[in-house]
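Sharing a structure here in structure tokens format.
Here the chain labels run A, B, C and D in written order, and each chain numbers its own residues starting at 1.
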Amino acid sequence: MNFASDNCAGAHPAIAAALAENARGFAPSYGASDLDRKVERRFNEIFGREVAVFFVGTGTAANALALTALNRPGGVTFCHRGAHVIADEGGAPEFFTGGGRLCPVDGELGRIDPQALEREIGRFPSSFVHTGQPMAVTITQATEAGTVYALDDIRAIARVCRRHGLPLHLDGARFANALVALDASPAEMTAEAGVDVVSFGATKNGCWCAEAVVFLDPERAREMPFIRKRAAQLFSKSRFIAAQFDAYFKDGLWLDIARHSNAMAARLAAHMAASQRLRLAWRPEANEVFAIMSRHDADDLAAKGAVFHPWDPSHGHHADLGTDEVLTRFVTSFATTETDVDRFGELIG
Amino acid sequence: MNFASDNCAGAHPAIAAALAENARGFAPSYGASDLDRKVERRFNEIFGREVAVFFVGTGTAANALALTALNRPGGVTFCHRGAHVIADEGGAPEFFTGGGRLCPVDGELGRIDPQALEREIGRFPSSFVHTGQPMAVTITQATEAGTVYALDDIRAIARVCRRHGLPLHLDGARFANALVALDASPAEMTAEAGVDVVSFGATKNGCWCAEAVVFLDPERAREMPFIRKRAAQLFSKSRFIAAQFDAYFKDGLWLDIARHSNAMAARLAAHMAASQRLRLAWRPEANEVFAIMSRHDADDLAAKGAVFHPWDPSHGHHADLGTDEVLTRFVTSFATTETDVDRFGELIG
Amino acid sequence: MNFASDNCAGAHPAIAAALAENARGFAPSYGASDLDRKVERRFNEIFGREVAVFFVGTGTAANALALTALNRPGGVTFCHRGAHVIADEGGAPEFFTGGGRLCPVDGELGRIDPQALEREIGRFPSSFVHTGQPMAVTITQATEAGTVYALDDIRAIARVCRRHGLPLHLDGARFANALVALDASPAEMTAEAGVDVVSFGATKNGCWCAEAVVFLDPERAREMPFIRKRAAQLFSKSRFIAAQFDAYFKDGLWLDIARHSNAMAARLAAHMAASQRLRLAWRPEANEVFAIMSRHDADDLAAKGAVFHPWDPSHGHHADLGTDEVLTRFVTSFATTETDVDRFGELIG
Amino acid sequence: MNFASDNCAGAHPAIAAALAENARGFAPSYGASDLDRKVERRFNEIFGREVAVFFVGTGTAANALALTALNRPGGVTFCHRGAHVIADEGGAPEFFTGGGRLCPVDGELGRIDPQALEREIGRFPSSFVHTGQPMAVTITQATEAGTVYALDDIRAIARVCRRHGLPLHLDGARFANALVALDASPAEMTAEAGVDVVSFGATKNGCWCAEAVVFLDPERAREMPFIRKRAAQLFSKSRFIAAQFDAYFKDGLWLDIARHSNAMAARLAAHMAASQRLRLAWRPEANEVFAIMSRHDADDLAAKGAVFHPWDPSHGHHADLGTDEVLTRFVTSFATTETDVDRFGELIG
């Protein structure tokens, strides 16, 4: 019953197999192999347009380098108060942008509120040199609260961006989970909704190590080859990432995995909704479930073999906690089984 | 007959198999798994002392972060004129150190000359603020010229370092190839010879993506967890690197691969030495062979299926080239076969 | 009636005269002149101990370089929500520290609340690499709200710092104004209260351009000569800064100017307290006075020749504003006259 | 007999007087005063076109920020081997550009050789990500060797720049000295010769602290306000720089000072040419004179009151030194008198 994180799972068997198969033979290094090229073309199909794709090794790298490509001196990037970029990346976005600032914005359940965004941007008048200058907006899809921006939500954020001439970045560490939750196409969830750059994550959704920065307008990627190389994110045996993506996209595996993970989360949430021992913090929309329980119950469930983490409620998640209660997070993945979910259901029944 | 680079090979079958086996099950992320811990302990055994080990994704990352851990404001790092850090890393060392400078030093066949090093360091008096301050020395083992520093060579460099209070870094992208060439232990080639920090590369020697920064004095690694995280080099499914290292070290696989690669290079060099069409530029000592041939022959051999690269002779390799001649590099790896080497031998016979 | 800012005044006549006198003759450059040395010794006397002093050109430079000297990878510096470093320095602290983060802390009237500080530091557990690591605390004295930390207030902040092993920096852009307000010695307000590094500002208090970073423990300044040079803040004709400081300290001129400015602020506040047209936002303690008035009155007073600025109430200054009201700031300096203050008093009478 | 450096002189009496006069009254801060605006317009007249001007505090800042405005990821700037940016700025250009590299280029007597430049640029193919990418070329006028690029020399460098799409920066720490040496206009020496950005120095030529970055195409300066602010180079009492420039330009004072300094250098050189004790290293063209003498004579002259510095002959100055000889530098300024020059002449006669 391991619900600690989708990055505690290993690799999906099909991904693992594809990687093993590709181990043979010689191929040009640094992204120049046929397989790299094939996967890059595959990204064009997936996004329904010519995009510029750059493989990198971690989600943090994808986010930090995407923002670096949008960089301006004294630049300020607006993100949700609890976003991964500001809460969990050890200062990488600030480091790679040479000191750019992340400005936290409020919003319910992990989603930036467009009015709050407007207000925060307004605090940085573009001609007033002392405060620095707005540079980009970044949203997380699915959010850190396990919720999903509806297409209209993204469009609303994009309208604020356009008004201020700011590019919109989407941190898609859980891109597939959001996509199947919305039943939307990648184009609908990104370019058509006003997104300019995507951190396209596959690691949490069944790969070992496969992340990409996708520029929906390749023109914005002009300096990216040098940005990536200088950032030590150009892999010599790049085809080990390409091979994972190749298997990931084959026959819609990526969407199948995401559907499975989301279904497991919904099943888990149903157990929680029916439980007397704990309660759902809010309704999950992707593959993360948040529950409120007493410390005693948390310890007890852990002792009985359930693995999950407490979560910081101060990130704007608006969970009403009793004095002795804790907010906890459960994450599902390709490796989560109905059996495990139901075993946990019995524990809390 | 692919001799383009050791990073054009895929992964050794044993590495590929181990990775596939480890794909199952759950494990703590970000380097906290049992396997990560086991491999870290393995590094202690290999280096014969308690070391601090940090997995990273690329050799460039290993070098850049090792130097960052040694960073000083206005810091100058001394390296060979043709070293990978200065010639092939897109400015990553300068970027990660916040603008540190790499100072090229001369030396025959890829090896820093200790007297030239002394002279260059002398140009940066430690109390003269205008020039910046010496910060570290880095050597490449095996070198970019396919040669190897003898233990005495390393000790001579280390003596210069000690005299100026500078730490000594060793870029071991081809650590194993040098080790078996010297028939030395890792401790002899590093700590006992005066090396303080090692970029320990396994990617070129049969892994997909397995690099580590090894601090022979763990005290120097105090800030490294934050340096690595901020650099986007802390991998969530870190065990995919650990699993490669685990298989790499098992039953001395890493040394067997290196011995094979070096033997293939020696065999190739023997063919060249006997050839009428081309000549060895200098005697290879690890898994890289440099040859001088006419442009016409280079084109002809390529047309017949041999893959290899021209090489820039200006990096201090001291190859005497005729007007119409080119310096070329041939690299061997686990994937190089006697058959291929001998086929090439026939071509140039 | 110019109350726009203390940096809108020029230079005090005694400072201007001293600078003119020093224009003659030759002297070693880059801080090596006798005058530079003399002023450095003067700082020792003023702080009652051996300090390390570094002249720089701007207050922003002083703050940014002081924090750089305390730098750690992924470092987080805690400051008041409305502090100059976070609100008005265009990202310089983040830039110079290579991407360090400023974490805003709440507190009444410009002063960090020690409990809020404790809480915020607690959000960055020192062993949890994902959030970054606490690096320093910085307070502004006098604050951006024109208030002053009492010695006990500083000691309370320092206790939190000590508990977490964090150095305490004091942004003394208005050091003298705070000092005379407290009737304390520099040692009492800094070293003895637990402050480790000071940005010692003289520009706002009658100089043209005279700022210094003062390390109360010179050991912390080891890398500072290189930090300053690399930051382009080592002035060739450094004696033009030294000459200003020399005159500034002579016969207590700096304290006299600060007393005058504070007295003018108190006089202005008294007029406001008696006014029917506007009200004091809170009691001033140094040389800045904040008033609340209607937009109409603000425009009217400006039309009648009073120069002052609106102020952002969102920086935690807790001014209760009516719908049509604005928060405004008035600053006094050596150049403020009783006549001007009283003329303004008549306007609002 | 102080010939140590032009930055060992103080300020010209007219500059000192103007500064003192401007100390009175109030003026908007941060470069918004009438005087700042007036001086900015004066720069337009001087350069014969609309330029973008940014005052900064040091020549190092001017160079580093000019290059930052031209910045590219992995960027490489080409400069003469002995240029101030690479030899004397403590790594500031590398720091401010976030790790940009300076690539030394050879050339006689401080001037970049256009063919050597072409060759070095050629080592960084723009599509080869591993080496980094060419970003800018910078020349020093007058050079560190006291020589001057003829207009044709600058045009030749500019042609190489244009061929590679690189902007050309001119470090004009001794702009006026070069200008009067060439009897050219600022436009002829810059925009019309192909220069894009100028570090316009006045400090060495009689000011206390007055430097400016001048963009001949204001479009290139778009991000400069934020670059300067973030670099802590936006001065609050900016008019103290403006006042110096105002006096500097008045009635051609700047050119008169430069003519005087150059004349003093020529007079000094004439004494040296006639001397039996030392010899001119090469013919001076601006206000720096290089002489070769025995160590014994150097000590003797110093003992008799002559102040001058030894100089590093390894910067490509091609001075042929005997075993016991030293290369020495003598610099003249507004403060150098005929009397002093002739006294020195007698010493070496």
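Just so we're on the same page, a contact is a pair of C-beta atoms (placed from the backbone, for glycine too) under 8 Å apart; a residue touches a chain by one contact, two chains touch by 3 or more.
Everything numeric here is computed off the predicted structure, so don't read it as measured data.
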**Request:** Show which chains lie in contact with subunit A and also with subunit B.
**Result:** C, D
**Fill in**
Of all chains, the one whose CA centroid lies most distant from that of subunit D is A
**Request:** Express in whole angstrom the distance between the two chain centres, defined as the mean CA positions of subunit A and subunit C.
**Result:** 41
**Asked** Between subunit C and subunit D, what is the separation of their C-alpha centroids in Å?
**Response** 34
**Asked** Centre to centre, by mean C-alpha position, how many angstrom separate subunit A and subunit D?
**Response** 50
**Contacts with two or more other chains, residues of subunit C listed in rising order** = 30, 73-74, 89-91, 95-96, 98-99, 129-130, 132, 226, 229-230, 234
**Complex contacts: residues of subunit A adjacent to subunit D** = 30, 68, 72-74, 98-99, 129-130, 132-133, 223, 225-230, 234
**Item:** Complex contact set, residues of subunit D against subunit C
**Value:** 2, 4-5, 7-13, 15-17, 19-20, 22-30, 56-61, 64-65, 89-92, 95-96, 203-204, 208-209, 226, 229-237, 239-240, 307, 335
**Request:** Could you pull out which subunit A residues touch subunit C in their complex?
**Result:** 73-76, 87-91, 94-102, 123, 129-132, 312, 314
